[in-house]
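Going in written order, the chains are labelled A, B, C, D and E, and every chain counts its residues from 1.
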Amino acid sequence: MSETPKSGGNDYEAQLAKSSVAVAEFDHAPRGLIGTVQHVLHANPTFVPVIVLVASIAVFGVIAGERFFSPFNLSLIMQQVSIIGILAAAQTLIILTAGIDLSVAAIMVLMSVISGKLAVQFGVPAPLAILVSFAGGIAAGYLNGWLVTKIKLPPFIATLGTWNVFFALNLWLSGAQSIRGADIDTTAPLLKFFGNTIQIGDARLTYGTLLMIAIFVALWYVLNKTAWGRHVYMIGDDKEAAELAGIRTDRTLRQVYMLAGFICALAAWASIGRVGSISPQSFYEGNLESITAVVIGGISLFGGRGSIMGALFGALIVGVFQSGLRLAGVDVLWQVFAIGWLIIIAVAIDQWIRKVSA
Amino acid sequence: QSADGVTACLITKTDTNPFFVKMREGATEAAEAAGITLQTYAGAIDGDVESQVAAVETCIAAGASGILITPSDSRALEPVITQARDAGLLVIALDTPFEPADTADATFATDNFEAGRLIGAWAAATMGDAAADARIATLDLNPSQVSVDYLRNQGFMTGFGIEVNDPTRIGDEDDARIVGHDVTNGSAEGGRTAMENLLQVDSGINLVYTINEPAAAGAYEALSAFGLADQALIVSVDGGCPGVRDVAAGVIGATAMQFPLRMASLGIEAIIAHATDGTMPANTEGLDFYNTGVMLVTDQPVDGVESITSAEALELCWG
Amino acid sequence: MTEPLLKARGLVKRYGRVTALDHADFDLMPGEILAVIGDNGAGKSSLIKAISGAVAPDEGTITLEGREVSYSSPLQAREAGIECVYQTLALSPALSITDNMFCGRELRKPGIMGRWFGMLDQKAMEKFAREKLSELGLMTIQNINQAVETLSGGQRQGVAVARAAAFGSKVIILDEPTAALGVKESRKVLDLIRDVRSRGTPVVLISHNMPHVFEVADRIHIHRLGRRLCVVDPKSISMSDAVALMTGAMRPDEVAAA
Amino acid sequence: MSETPKSGGNDYEAQLAKSSVAVAEFDHAPRGLIGTVQHVLHANPTFVPVIVLVASIAVFGVIAGERFFSPFNLSLIMQQVSIIGILAAAQTLIILTAGIDLSVAAIMVLMSVISGKLAVQFGVPAPLAILVSFAGGIAAGYLNGWLVTKIKLPPFIATLGTWNVFFALNLWLSGAQSIRGADIDTTAPLLKFFGNTIQIGDARLTYGTLLMIAIFVALWYVLNKTAWGRHVYMIGDDKEAAELAGIRTDRTLRQVYMLAGFICALAAWASIGRVGSISPQSFYEGNLESITAVVIGGISLFGGRGSIMGALFGALIVGVFQSGLRLAGVDVLWQVFAIGWLIIIAVAIDQWIRKVSA
Amino acid sequence: MTEPLLKARGLVKRYGRVTALDHADFDLMPGEILAVIGDNGAGKSSLIKAISGAVAPDEGTITLEGREVSYSSPLQAREAGIECVYQTLALSPALSITDNMFCGRELRKPGIMGRWFGMLDQKAMEKFAREKLSELGLMTIQNINQAVETLSGGQRQGVAVARAAAFGSKVIILDEPTAALGVKESRKVLDLIRDVRSRGTPVVLISHNMPHVFEVADRIHIHRLGRRLCVVDPKSISMSDAVALMTGAMRPDEVAAA
């Protein structure tokens, strides 16, 4: 060997001073139209559910005819998904932390019963009744968060347990009796606030729809533009790493559950406006529907990945399917069948677009 | 005006209960015969208000002339029903009345309370003196206490001669003859487990009320497995063909039969009539609904309760 | 003799049938670079995890600046001024380089957007992150918003080291910071370590690279079978003796005799 | 510096030849009784659900009295959990691969309807009808597996979709009508085979219970003692690593789904014996109940961790709670409430024992 | 001139905005030890992932023993005889050391239990695993049934290397096999590499440790900015020139001139 280094090992590092200091850059082959589309989709995966949504609207526009396409019907779909949409926003928060919340719908129904009982039957002023339901939603979320962080229960189990608990409380408080719309109108019309509508041409937007959109926009801001939001993603991505990197993971997690509980209480208020009355038996399938919306929206059940806007589009996709199938006059049996396939196909398209553009 | 271009909607509580499946079949046949379009919807489970609200809205959007609905919640749907009527649709409640009943334009219903009362009265008469120390189990629907559930249950209690206290609550009776209540979700599997549970509480049970016939079949399986099949009398409600055959086989002592096909076809006719010349359907005299009838089916008729035999019932049953 | 800044006595950590620390001691003097060397699985990482609050030892005491402490989470240690690069790096794979660098110490926008709405100053953070990476010579990172999971092994390690270095504090602990780094990048890390010491902050360096250790360390803690075997002075011991000690080829008394 | 190495860096390695070659060993401080118990639990996490099970049996023995404790009642609980238990076995397979199967109960009900229709209404010989249902179960599993591996759908979405599809098919085939027990008895008693019982003293074990136990034992063997079983764990633990390490992950995954489908078909057969008739409305909550059993049994929803026996004990724990509450005379409403808390407490005890012994 | 055993031409791999491989070439001769060196993020791992079927390149061809191949999964490459230790190790964290070592190649019990019931021979596998680890000098592993996630960083790497070495085949590729290993363990790996070559199997070694590279390599492939910059002979180039080349301090033509 002619030139082996002579001492303590590091002689060969002498040359380092001269090493290149430019950040690496590469020419990119020009992309065609499809290439550009793929690239945009890859960089913005939220567009994928948007495309699925637009595609399904188009398909049902053809199948179900112009009725489907009317501003009236489209705004009706918005109305119809508004409650599940709000629940999906709460669900997204939990799922982003790698959790799952089976109790969202139960919290919502319980809170609507509480505010209704108080305002309509015990004569508590409506604003106060609503505040109590907000506090209740936050407390319910805190219970979930406490079970998850202090008792270290898997979120699935913790919320499965509290789901049963909230459901039983709800039946007990309400005596399984619904509160009539007419009674609400006379004693506490504020409870129905979110049922009011704005008429724009043929389209009728309820305040509930606007609330849903506002919640999504606010959460989008919080999750993407504030430190707290980034921490939520970090915790979902790798809780241990986040802890080691100095995030107060347990505190943040509890805040997430409390925020989700608060959103459920908002959903409770909106649901009174939507249904027009308070029924303790409604939204039994709301948990599953909210999870479905979240997953169709491209948010990973394993946490830390996906944009909250996906959940909004996910909820809309399901709403469009349901409305379109009904308007097309499909028999109820085959509606179920078709929804099954459409869930599969919607997400398959999503996967396919992601794969092509990877 | 002809019936062409008329659209009707049928909204049932669920699509799993054979009762509603039959109702849908009846409506579909009637609609096809009359040449009108029928759209069908169903909730996911009994009590699912939100799906029914959405369904009513879609019917309005679809420009339907009328809605046939079995309300999942007899009170909660009132706002959307009013909205539909304001939009000019004829709304007919099937099977389950609204509260108040005039929420809808008309109600074509089985009297669920009456159905329960019939089997209760039959059981009391069949047991005779033994009724004084009967051991009663009731196998109900689910913990939510929806209206069919409490109407049938409380009807049974009334018919049997038990003080019911609040007629909208199952389980608030203080009669010592009642061993307990359990829920079945209206399925055979639920019926069997619930019966097993109650037999563990008291193996002397000799009268079993069940919410429907699948639950009754499950209860019978549990009783036979315990070797107690002969000890207990099972009563039920519905009148589906398998249930009627179970009456014939002695599995079920008596059942109260309803007529979903008739309800549905009457409903379709009413909608067509209303769409063509504006006729409003009328109620049965003395009632705030049009009674489509209940009939007690048993092979051991008793005095004071009118009934038909299982053989006759097999001609009328709906499945 | 000055008091150790950070002192541990008799640390024990058992995992079921496995003993990771077996009455280990540890001393870090103010302003020094202390190297910790030892076989794979000797318990070096377990030692610093115990010191930095990432795991709770079964027995033993830890003293920081004369006060006995017991951390229940790494955050408390961090607030006490102990900054740590773990061997497993503690990065969130799906998040961007910037997000990871600023984890828990994000910069807000100036003005009301930042103060009232907590809006992050993405631009400033990106600029800062890019600078820190360039200081470490990591010029191959093309996109500062790349997710960490898409980085090469060495780039990832570079991000973790840059994070610890950027937020200097009372003690910096580096667990094999150069394992996956290239020649140039490793050199930069060594320079950085010396730099940190020259600012008066002590550094704990765990490394398997003997030339590096002997080049920068003021003292060398030799760890073997879960405990501190001895502490040696790199100026008075040969590399071969250090290696012999850590692999069990020699006992500490033999070195003294030699 | 007195002794810096002289050349190519590696002189200091000369000493290595002498390095110690003994495998590291340490004295262990003697453990007390509690210490030993903790150690055993740590080494055998399956014991934890066993302890919870024994504890809950003891508690209900006290609350609900000797009736609860009778061999008869305990064997009855076994009967009652047998179907959910078998479904939980299938569910465990899927969950171990980091999936989730929302369609297990739907596959089961569909297969029981198919075999019943064929044997009772179309007069197909019972063994053939059962074979057809087996084939159907495997095909349904294959569909799920295909969606997961080829179309790359998240298992949650794939099985949510197929759940709807199978559910609709079931309603369509059966017209929501049940098939009467008496008809089965006369035309195809073989369908009720698993309803037969063995009497041992007061205890009555149905063949269905024995089938459940046999399935768990067989799966325990396969998962722990064969290469295929280890691969299932590896895939659940880290699919990418398993792929890189040379496992045919997709093929194995499809096999897992097919095996799960087959077990669902077995459950279908057993359910006919258990229920005594074929009711298309049964087991609507079976998916959730099977998942609950799996998670209470300490199997991680994130895959790769936990023993299949845990699912058996999980199912039994739920069964014990339900039976115990019933016997204690708790109202249905408060049963739901109590089950909620008991799920939480059962898993909390599990977590606590694991933590203490860590 | 002999034909290369494994040859790649013009490999390109882009990840969105990031270019990992930019028309890279590669040649491996029969029976040689080829070292691949380069900066962090130069694309070394991407190169061997493309060659071993773990990622599909966007462009370019790969030739094994004169036949063009295109793998759709690492399994196919493995069946063709390419054994690989990835930088990320590809171990299942929750499973035991033994399970990981035998992943996909489990031993069955002799007799009918093994043949008919597929029962694994746990004892034999444990014994074999323990032997292989001891051959690498990993004496600190106390429990052979420990889950891999509970091992120290170096122990983990040792398990991955032992796995590749134990199932020798046509080509062995090691991506930074000694990064987390101690002095003793690294030495064993180098011995092992030479051992493998002496059995006629070629080895690709990616490493940032220049002394190691120069000690064992027959040829050195220098990778820079996603492509092969040049291939040099360690006997005729100095370490400093090699480092200068890979960091961009020198261009290949300058070396020739020197």
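Here, a contact is a pair of C-beta atoms (placed from the backbone, for glycine too) under 8 Å apart; a residue touches a chain by one contact, two chains touch by 3 or more.
Source: prediction; values computed, not measured.
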Steps needed, at minimum, to go from chain A to chain E via contacts: 1
Relative to chain E, which chain's C-alpha centre is the most remote? B
Sort the other chains by how far their Cα centres are from that of chain C and give me the top one. B
Quick check: more C-beta contact pairs in C-D or B-D? B-D
For chain A and chain B, what's the span in angstrom between their mean Cα positions? 38
Rounded to the nearest Å, the gap between Cα centres of chain A and chain C is 39
If I count partner chains per residue in chain C, which residues reach a count of at least 2? 15, 17, 19, 41, 88, 139-142, 183-184, 210-211, 214, 225, 243, 247
Which residues of chain B are in contact with two or more other chains? 15, 45, 143
Would you mind listing the residues of chain D that make contact with two or more other chains? 4-5, 8-9, 12-13, 16, 19-20, 24, 26, 171, 333, 336
Write out all the pairs of touching chains, ordered by chain label. A-B, A-C, A-D, A-E, B-D, C-D, C-E, D-E
Applying the document's contact rule, which stretches of chain D touch chain C when the two form their complex? 1-5, 9, 11-20, 24, 26, 28, 39, 42-43, 358
Show which residues of chain A lie in contact with chain B when the two form their complex. 67, 70, 72-73, 76, 79-80, 83, 168, 171, 175-182, 271, 274-286, 322-323, 326-327, 329, 331-333, 335-336
Going by the contact rule set out above, which residues of chain E touch chain C in the complex? 15-19, 38-42, 44-46, 87-88, 138-143, 146, 150-155, 158, 176, 179-186, 208, 210, 225, 243, 246-247
Touching chain A in the complex: which residues of chain E? 14, 16-17, 19, 22, 41, 210-211, 214, 225-226, 235-244, 247-250
Under the definition above, what is the set of chain A residues touching chain C in their complex? 8-10, 12-13, 16, 19-26, 221, 225-228, 230-231, 233-234, 237-238, 240-248, 304-305
